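Each of the next two complexes has subunit A plus one other chain: subunit B in the first, subunit C in the second.
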Partner chain A sequence: MKYETQGIAKLYFIAAIGLFVGQILFGVILGMQYVIGDFLFPEIPFNVARMVHSNLLIVWLLFGFMGAAHFLVPEESERELFSPLLAKATFWIFLAAGAATILGYLLVPYATLADMTMNHLWPTMGREFLEQPTITKIGIVVVVLAFIFNIGMTILSGRKTVISLVLITGLIGLAVFFLFAFYNPHNLVLDKMFWWYVVHLWVEGVWMLIMASLLAYVLIKVTGVDREIIEKWLYIIIALVLFSGILGTGHHFFWIGTPDYWQWIGSIFSAMEPIPFFVMVLFAFNVVNKRRREHPNKAATLWALGTAVMGFLGAGVWGFMHTLAPINFYTHGTQITAAHGHMAFYGAYVMVVLTIISYSMPIMRGQAAANAKAQVMEMWSFWLMTVSMVFITLFLTAAGILQVYLQRFSDTPLGYMVVQDKIEIFYWMRLIAGLIFLIGLIVYLVSFFVKGEEVKVVQSEAAEANA
Partner chain B sequence: MRETFTKGMARNIYYGGSVFFFLVFLGLTVDTVQRLPATDNRENLTPTVTAGKYLWETNNCVGCHSLLGEGAYFAPELGNVYTRFGESTDAIKAYIQSRPAEGIPGRRSMPQFNFTDQELEEIAQFLKYSDGIKTARDWPPNIQG
Partner chain C sequence: MDATTTITQPIEEQPRLLPGDFAIWFFIFAELLAFGIAFLVYAVVRIQNVDMFNEFQLTLNREIGAANTLVLITSSYFVVRAIHAIRLNDVKNCVRWLYAALACGAGFLLLKSIEYQHLFSQGINLETNIFYMFYISLTMFHFLHVILAMIILFAVAIKAQRGGYSADNHIGIETGASYWHMVDLVWIILFPLVYVIR
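And now, the complex of A and B:
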């Protein structure tokens, strides 16, 4: 570790992993509820478990992004963090706010939580992914602004690299578009439309800048390929992301009462959204093949390549599958969406955070890379989680295709619950795949504690590896 | 690509293109908002409907159901439930009211929210209003949602 304050990232990463575990446990509960409808009812109804599952995901990914920024920005800027104290304060405030919110979901009925937090003064609750009480949302804004200030000051007063500039652009975008979470008009169509200005412009817009910059950073480190080349790829990728993704928002404006022209705009531009993901695959494999050093951290390289491939499959291919308006007419709001959502989030965002954790954690623990045994175990967890996620996606896709046919496409459409009973077998298989994912996650946790011979790097290489 | 296409060119394309597409998106946003009155059923946006939307939100209905296809996929689509229930707000109210507090053994169960008659009316009116939004191609594809 070149700069002492980079070590603050460790706090963020530990919290991220802890919340990740919580997210998966609730995922398993949800999987159970799909097959045993009244599992944990009425104590933890489906909507509560789902809210915990999706909110934990968002929060732990944010912890991951913030940790990543704290780790890489000092190194890129060639200086210590602007304020280590602020970095620690934002961590604890964010953790406390996040934990309190999740406990609120679990301990009291949602309507009571709304009353307790005086939602009526400024109603923002009860919309998918934006379920947090208004006060929590304000807290998120404060924390993110403090964090951006700290990172921004570090960048401004140090060396400015393309990676840190793209990263901060993404982070600022994240903060700006989150502000739409405070706009909740009575008019349902307007509400839905601007809700996407948070959700879509986050995950298919500014978050992609963060993701691409993290990937580029790790690839520079593990391959030793010239920064100029990697930065050029980075610009191309994020250009393609925004060219397709901004107007690609239109694929959410097909069936919510918005004008018909979105069918064309949304279809055309979102059909191009797989392109940047494909370029990312080319980029990752290209630079790994042209690597100029053998970095001892093989696991981090595996995660980096995995991010590119799974991002392309989950966000790119599975997104494209139902993004054209004539197809989406039938698939909108079915298990097809769930299938896409799972693999896209895992492939693009979960994996990129695990990539940067894999690269940086050993360094923060005083080694160039984890020992060989630990790395083997980490790679096992990679395959267990990734393959089980592929199967979760395939089973949900199968369920979705049948659902679309039986409920919407056939000449004698059946009712929603009748169809759900008929496709139950796929929910059972999805549950099994989910349990294997959990096993993979446990293996991942254990990999941090596996002892073995420390990775020896000769001094010159060690210096280079930290360069 | 190496020599002829420089990093500077890539950067300029990124900045220029992003600003361009963002401005186009902004323009389309304004246009869409101006056209919404034709489809968004705002003429029926009464205080009762608004109160119903607040109940919809504060009971996290979207955590199980979808509305115009958005939300969770654990329970039926409600954007056309008014039509599906024979255009009867009474049928909607009766359904919500009759959910057993302890659920239905082995089945997906909707919570018993203990709504007052007033609240039931509000939520039913909100669902009726939602059903009145003119979606493209009259989505969902059929009455089953």
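And now, the complex of A and C:
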């Protein structure tokens, strides 16, 4: 580790992994509730478990991004973090607020939570993914602003690289678009429309900048390819992301009461959204093929390549599948959406955070890379989680296709619950795949504690690694 | 081609496949793809509503459209002259031609704004009908591209002015020029497609 304050990232990553475990446990509970409706009822009703599952995902990814920024920015800026104290403070405040909110979801009915946190003063609760009490939302803004201030000051007073500038742009965008979470118009159509300003412009806009910069950083480190080349790829990717992604927001405006023209704009631009993901695949493989060093951390390289491929499949291909308005007319809000959501979030964001953790954790623990045994185990966890996620996606897709046909496309459409009974077999298979994902996650956790012979770094590599 | 000519032709003289920075071609192809899809969709929807499209097409100002086509083609010519000048190491003229092209770009925006002002003052908007939906979104999207291309060309012009380019090193100007020509090309298709063809 080149700068001492990079070590603060470890706190964030440990919290991220802990919350990841929570997210997957609730995922399994939900998978079970799909087939055994009253599982854990009334203690943990489905709607609460779903809220916890999706909120934990967002919070742990944010912890991951913040950890990544704390690790990467000092090294890119060639200086210590502006304020290590602030970095620690934001961590503990964010963790406490996050934990309190999740406990709030679990311990009291949602309506009571809304009363307790005085939602009536400034109503922002009750919307998918943005269920947090208003006070928590304000807390998130404060934490993120303090974090951006800290990272921004570090960048401003140090070396400015394309990677750190793209990263900070993404982080500022993340903060700015979250502000739409405070806008809650009475008109339901407008409400939904602005809701997407947070959700879509996060995941298909500014988060992509964060993801691309993290990927670029890790690829520079593990391949030793010239920074100029990687930066050029980064420019291409972010330009294509913004080009397709901003107007691509239109694909969320189908059939929710917005004007017709969104069907055209949304269809055309979101049809192009797979392009930046495809370029990311080209980028990752190209750079790894042209590598100028054999970095001892093979696991990190695997995660990086996996991010590109799974991001392309999950976000690009599975997104395109139902993004054209005439198709979405039938698929809107079915299990096809769930299939896409699972693989896209895993492929693009979960994997990129695991990539940077895989690269940086050994360094923060005083090694160039984890020992061979630990790496093999980590790679096992990669394949277990990734393959089971592919199956979760395939089963949900099959369920979705059947659902669309039986409930909406057939000449004799059936009712929602009748159809749910008919596609139950796929929910069982999804549950099994989910359990295998959980096993993969346990293997991943264990890989951090596997002892073995320390990786020896050849002198020239060590020198280069410090370059 | 026989063996002798192959040998006498030095490798340096082989023209590069694409001028400018290779990265810009990713955008150019992405842009052409977006416009291409949009044009195709326009054509298909037009077939289904020929009478309506023909009727409302008559409300567009073809004279301004034609003038704008000339303006953009002229601007592309100026950009070509700028490249030609820098290849002769004539920085001063290169900068002049670039600013001339930028002036054309500004002229295009002005004429287009007059056209929009006229339409919008009649209360026409994206929701009026599907013809206007296409007309406004296609031309507006192109309008934004002209602005972007002007920003790029302006940045190139400033760098040229400061002596940043020479006969040996002018890949930046070629990059800006390639993007500029793309924006021009799109208009050359857009104008007949939306304003003229009946």
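The definition used in the following text is that the second predicted complex is superposed on the first by the 467 of 467 C-alpha atoms of A that agree within 3 Å, B and C clash if a C-alpha of one lies under 4 Å from a C-alpha of the other, contacts with A are read in each partner's own complex, and residues count from 1 in each chain.
Here is the rule we go by: contacts are C-beta pairs under 8 Å (C-beta built on N, C-alpha and C of every residue); 3 or more make two chains touch, one makes a residue touch a chain.
Source: prediction; values computed, not measured.
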Q: Kindly classify A:Trp264 by the partners it touches after superposition: subunit B alone (first), subunit C alone (second), both, or neither?
A: second
Q: Have a look at where A:Ile236 lands relative to subunit B and subunit C in the superposition and call it first, second, both or neither.
A: both
Q | More subunit A residues in contact [subunit B versus subunit C] | A | B
Q. Who does A:Gly366 touch here: subunit B (first), subunit C (second), both, or neither?
A. neither
Q: Determine, under the contact definition given at the top, whether A:Val279 touches first (subunit B), second (subunit C), both, or neither.
A: second
Q. So, does A:Glu131 touch the first partner subunit B, the second partner subunit C, both, or neither?
A. first
(Q) Let me test your reading of the model: by the given contact rule, A:Phe329 touches which partner, first (subunit B), second (subunit C), both or neither? (A) first
Q: Mind sorting out which residues of subunit A both subunit B and subunit C touch, each in its own complex?
A: 232, 235-236, 239, 243, 259-260, 265
Q: Report the residues of subunit A in contact with subunit B in the complex, numbered from low to high.
A: 33-34, 36-38, 41-42, 45-48, 50-51, 110-111, 114-115, 119-120, 123, 125-128, 131, 162, 184, 186-190, 192-193, 228-229, 231-232, 235-236, 238-239, 242-243, 246-247, 249-250, 253-260, 262-263, 265, 329-330, 332-335, 337-338, 407-409, 413-417, 420
Q: Report the residues of subunit A in contact with subunit C in the complex, numbered from low to high.
A: 232, 235-236, 239-240, 243-244, 259-261, 264-265, 268-269, 271-272, 275, 279
**Q.** Sites on subunit B touched by subunit A in the complex
**A.** 2, 5-7, 10-11, 13-14, 17-18, 21-22, 24-25, 28, 31-33, 35-36, 39-42, 45, 49-50, 53-54, 56-64, 66-77, 101-109, 111-113, 129-130, 133-137, 139-145
(Q) List the residues on subunit C that touch subunit A in their complex, please. (A) 23, 26-27, 30-31, 33-34, 37-38, 41, 126-127, 130, 133-134, 137
